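Shared between the two complexes below is chain A, which pairs with chain B and chain C, respectively.
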Partner chain A sequence: MLLFKLALKNLLGAGTRTWLNVAVTSFSFVLIIFMSGFYQGFLEYAQQVTLETEVAGGAYWHPAYDPDDPFTLDEAHGVPPGPVNSQVAGGQAMPILLTQGSMYPEGRMMPVMIKGIPPDQNIVSLPTAVLGEYTGAAIPVLIGAGMSHTAQLEVGDVFTIRWRDVHGTYDADEAEVVSIMRVENPGVDMGQLWLPLETLREMLEMPGEATYVVAASGAELLADIGDWQAKPVAFFLQQYLDVIEMKSSNAKVLYAVLLAMAALGIFNSQVLSIFRRRKEIGTLMALGMVRSRVVALFTAEGGMHSVLAFVLGGIWGGPLLYFVATMGIPMPYDPSEFGVIMAPRLIGVYGAGMILGTTLLVAVIVTMVSYIPARKIAKLKPTEALTGRSN
Partner chain B sequence: MKLLKRSVYVMMPCLIWPLALAAQSEKVPTAKELIEAIDANLNARTSIVTSRMVVHGRRASRTITSRSWVEGTDKAFTEYLAPPREAGTKMLKLGDQLWTYSPQTDRIIQISGHMLRQSLMGSDLSYQDMMEDQSLEDVYDGIVEGSEQLNGRDSWVMTLTAKVEGLAYHTRKAWIDKEWLLPMREELFAKSGKLLKSSYAEEVMQVEGRWYPKVWVFKDELKRNSRGTEWIIDEIAFNQPIPEAQFAKAALRK
Partner chain C sequence: MDDNHIVEIRDLVKNYPVGGGHFTALRDVTTDLVVGEFTGLVGPSGSGKTTLLNIIGGLDAPTEGSVTVLDMPLGGKNHKELAHLRREGIGFIFQTFNLLPVYTVFENVEFPLLLIGMAADERKELVDQALEWVGLTDKVKSRPAQLSGGECQRVAIARAIVKKPKLIIADEPTANLDAKNSHNIMQILVHLNQELSTSFIFATHDEKVMGYLTRIIHLIDGRIDEDEHISEPEYRKGK
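Right after this comes the complex of A and B.
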């Protein structure tokens, strides 16, 4: 205890030098937590939005369906297996049918993915009910805000869509935008037209068919579904974990630079302090303090930088992180342009584990860089140290 | 003598009326006859063509020059000569398969699936349009609807309706010049009856005793401001020998 009191007294006695090191360390400490919180916030938000708007409780895919390979789409349709259809009939799942086509807003051609969805579904948070309420002569179409911006379409606009039926024959008709949905998932927005499922089935001559079936949240994913593939929620969320892992790897370089900056300052100050305080070290030794305790004293002095940095970081970083965690930071641009799910306001998520882990990491690194120069003390002879010389 | 004169007077209308009627009611060919006549004009055992494709964009136009070697309806090899950006690009069609070679990437890519629906070099033509090689007679039911004037020339109007599944266009309407026996205009319709594409011959030429379109214009009718794509034939030679190696995939990299 005496050692720690002495270490703290020495540290505070060093004045500006200590506070400069503490300030740099606290900056690194807060910034690491700040960024990690953003990644965590992005991950949680993306997962939540994906579940709500797209994945719900998982899906059953047609055996030929591969969303990463558009070549497979022509063949990826069929009548879902009986047990899956039973789930659909029970309101525990909904079929989705996909086809590629072209749209001609204002006579400009744009490739689109045409998706059929039951208008009365309540499995995903998409306002599909408007599709069922349409009474006009055109094909009712629901689009996202991103798509509306790209295609310059508003509610009530009529444009031509062209597609090919199950046999490959071209067909075309007029479509009308019945609603524009604000959805933060570009996966259900960009380049997509949502139509009533039965309308699309008639257009494609694919009665009762689907490309995939989305299970309701909490519904049991069936295993015995023939050659269709059951895709659990974890399968869909893995993509975000992969993105975070990749981003975290990049961020680790920045963390290393930040920590190196703080560590270098402390290391430098430790080297300087051991050089300048040789007489004090000699005196302590002459008074009977064993070398290991002197090393421990200097190591504790250095290590205490992290404690002070934690306190200082808490004073200035705490309110900042609280603000970011509650209010978030508004994005200066439209996140949908990036094709990934991003909240309009970036909200940080700061867990106790993350803060504790970062604190420990900073404390361990600071203590280590404090110990390395302090080892030199073990080689000092008290007589030489008392005269202010070192070997 | 009077009797003879009278007989002649009586007989004259009987002799002249059928001739006049025959002239008026010109024999309407069947769709099969028209398709065969068109095929005889347009198809040859082989053809070697140097042509330009003028793609009219919203702001500017691009001219793409190419040379093609064609054998029947199954085999075609095209090498793009200009502009420099497209020069060296090659395309090989064998039956229902299509490959392209790009010198920039030095790779051969098979065009299939939805890529066939993509525009050919930004034109109003799709790869799918290029791939059509089935005889119209085999896959469409044809009706000659009558005769119309098109650009001051007499034409037969023929409507073709798909009789097999899997054709890109459900209905076609063609205006066939009665003298040249060439389709001077064609309209392609969707199942719903909506006009999707049109094409017309802007200029024709006579080559080796047959009539052939010199300038042919394609237009995607769903694109509101499209000025179409012109296909201009600069040189064409029929029934010239083409070595089999010209249609090998290896020729794409040469």
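Right after this comes the complex of A and C.
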């Protein structure tokens, strides 16, 4: 307790030097929490959007389907197993049929993924109902805002699409954009045309077939489905988490730089203290303070920087983080152009664990860098310290 | 150790390594300091005054010989035991005051009592008493930077005397003070010496200090050249 009081008194007595260090440390503190919160928010939002627009309650894949290999699509179609079809009939799942094709908006050729989806589905949050309401002669097509921007297509635009049917025969027809959906998931937007499932089945001559079947959220994922593969929600999220993990490694470098800034400030300050306060250290020893307590005093002074930084960070960073967590920060660009799931407003998610963890990490690092120069004090002879010489 | 002795020094040698060899700061020093003495180590610069004070204070270790302070032989003692000796039994007064700059006068004087672990009430009583002895009761909340040199040294004296140690070691206590302040400081120290029976040992070459000493040990080139006992110090003759 005595050391704590002395350390605090020394710290506050040092005035500007202390507050500069505390300010730098608090800046690092808040920035690390701020950035971590953004990544957390980004991750949670991405998971939520992926679940709502794509994954729902998991999926059943055709045995030949590999989303990373488009060449498998020629073979990746078939009639889903009976139990899966029963789920579809009960509204607990919906089949999706995929094929590769090309589109020719205003004479340009673009490769696309053509996806058939039941217009009346309510399993994923895509506005597919509009596909069922179309009464024109062309093939109704639903596209995302990103795709609209890339292909320069608006609602009502008619263009040619070409595909290859089950026999390998190329065919083509006119398609019309019936709606443009604003969806943050590029996985259901970029390079994709959404058609009514039955229309696509007719085009491909694949009646009753699907490439995969999406289960409704909360529906039981069946196990006995022949050679089709059940893919739980965790499978899809893990893929996404891997991507986020890869991206967050860049953030870790930033955290390391911020922590190094804070640590360097404290280390510099403590090293300076040794040289500027060596007579004081000698006096403490002459008055009967043992070396270990002198080390503890200086280490406590350093460690206390992080406590003061946490308090200061709370004063100026608390409202800032609260604002970001509740109001968010609007994205300056259309999120659909980024190619990753991104909310129009970035909302930070700041958990107690994250704040506590960051606090603990900064406190430990700052205390450690305080201990190193403090240990040097322990080696100082009292007579040398009193005369102002260091060994 | 003789009951009347507060310090016993036998055949003390202190060498400092210099280059490949060594410099002898003290050689064959043998002497005793008696309880209540007001002793000065006098000699030119480099004669070994401060070295001898540091060894008596447990701040430095002898190369040869034995030193016993307050019944504790210092040979072979670790830094914790020496720190305990200083904390409990010795007060220090430095030439440059060595006050802790961020502490107030009260806190500076209180510091040795905090190290002992004394209760707050008792601490306050002793600090008030020490500040009264040195005449600084009106400066308790001041910081060292707000005080004159003489006042700083009075705070340092209060800090040294507050725990009522048996021995006070003072290294050139008046070197940074003018004549008036020097006499003032010495009068305070003489008063404390007489009132508390505290033994004082000074390193000095200040003539003004010498006028107050009851014993003067002359050091030359690390040896005791003369040990002079004074029955009636100069300051008494002037009264």
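The rule we apply is simple: the second predicted complex is superposed on the first by the 389 of 391 C-alpha atoms of A that agree within 3 Å, B and C clash if a C-alpha of one lies under 4 Å from a C-alpha of the other, contacts with A are read in each partner's own complex, and residues count from 1 in each chain.
Going forward, contacts are C-beta pairs under 8 Å (C-beta built on N, C-alpha and C of every residue); 3 or more make two chains touch, one makes a residue touch a chain.
Source: prediction; values computed, not measured.
Trainee: Sticking to the clash and touch definitions up top, decide whether chain B and chain C on chain A clash or fit.
Mentor: In the arrangement built by aligning on chain A, the partners chain C and chain B fit side by side.
Trainee: Return first, second, both or neither, reflecting whether A:D242 touches chain B, chain C, both chains, or no partner chain.
Mentor: Neither partner.
Trainee: Would you sort A:K381 into first (chain B), second (chain C), both or neither based on which partner it touches?
Mentor: Touch partner of A:K381: chain C, not chain B.
Trainee: Could you look at A:E220 and tell me whether it touches chain B, chain C, both or neither (first, second, both, neither)?
Mentor: Touch partners of A:E220: none, neither chain B nor chain C.
Trainee: Does the superposition put A:M109 against chain B (first), chain C (second), both, or neither?
Mentor: A:M109 contacts chain B only, not chain C.
Trainee: Which partner chains sit in contact with A:N10 here, chain B, chain C, both or neither? Use first/second/both/neither.
Mentor: second
Trainee: If you stack the two complexes on chain A, which partner ends up touching A:T169: first (chain B), second (chain C), both, or neither?
Mentor: So A:T169 only meets chain B here.
Trainee: Which partner chains sit in contact with A:A286 here, chain B, chain C, both or neither? Use first/second/both/neither.
Mentor: The answer is second: A:A286 touches chain C but not chain B.
Trainee: Quick check: superposed on A, how many Å separate the nearest Cα atoms of chain B and chain C?
Mentor: 69
Trainee: Going by the contact definition given at the top, which residues of chain A touch chain B in one complex and chain C in the other?
Mentor: On chain A, the chain B and chain C contacts do not overlap at all.
Trainee: Can you list the chain B residues touching chain A in their complex?
Mentor: 112-115, 117, 162, 165-170, 190-192, 194, 196, 220, 222-226
Trainee: Which residues of chain C touch chain A once you look at their complex with the stated criterion?
Mentor: 54, 57, 59-60, 79-80, 83-88, 92, 94, 96, 98, 100-103, 107, 111-112, 114-115, 159
Trainee: Report the residues of chain A in contact with chain B in the complex, numbered from low to high.
Mentor: 70-71, 73-74, 100, 102, 104, 106-109, 160, 162, 164-165, 167-173
Trainee: For the complex, which residues does chain A have touching chain C?
Mentor: Contacts found on chain A: 2, 6, 9-10, 12-14, 279-280, 282-283, 285-291, 381-383, 386.
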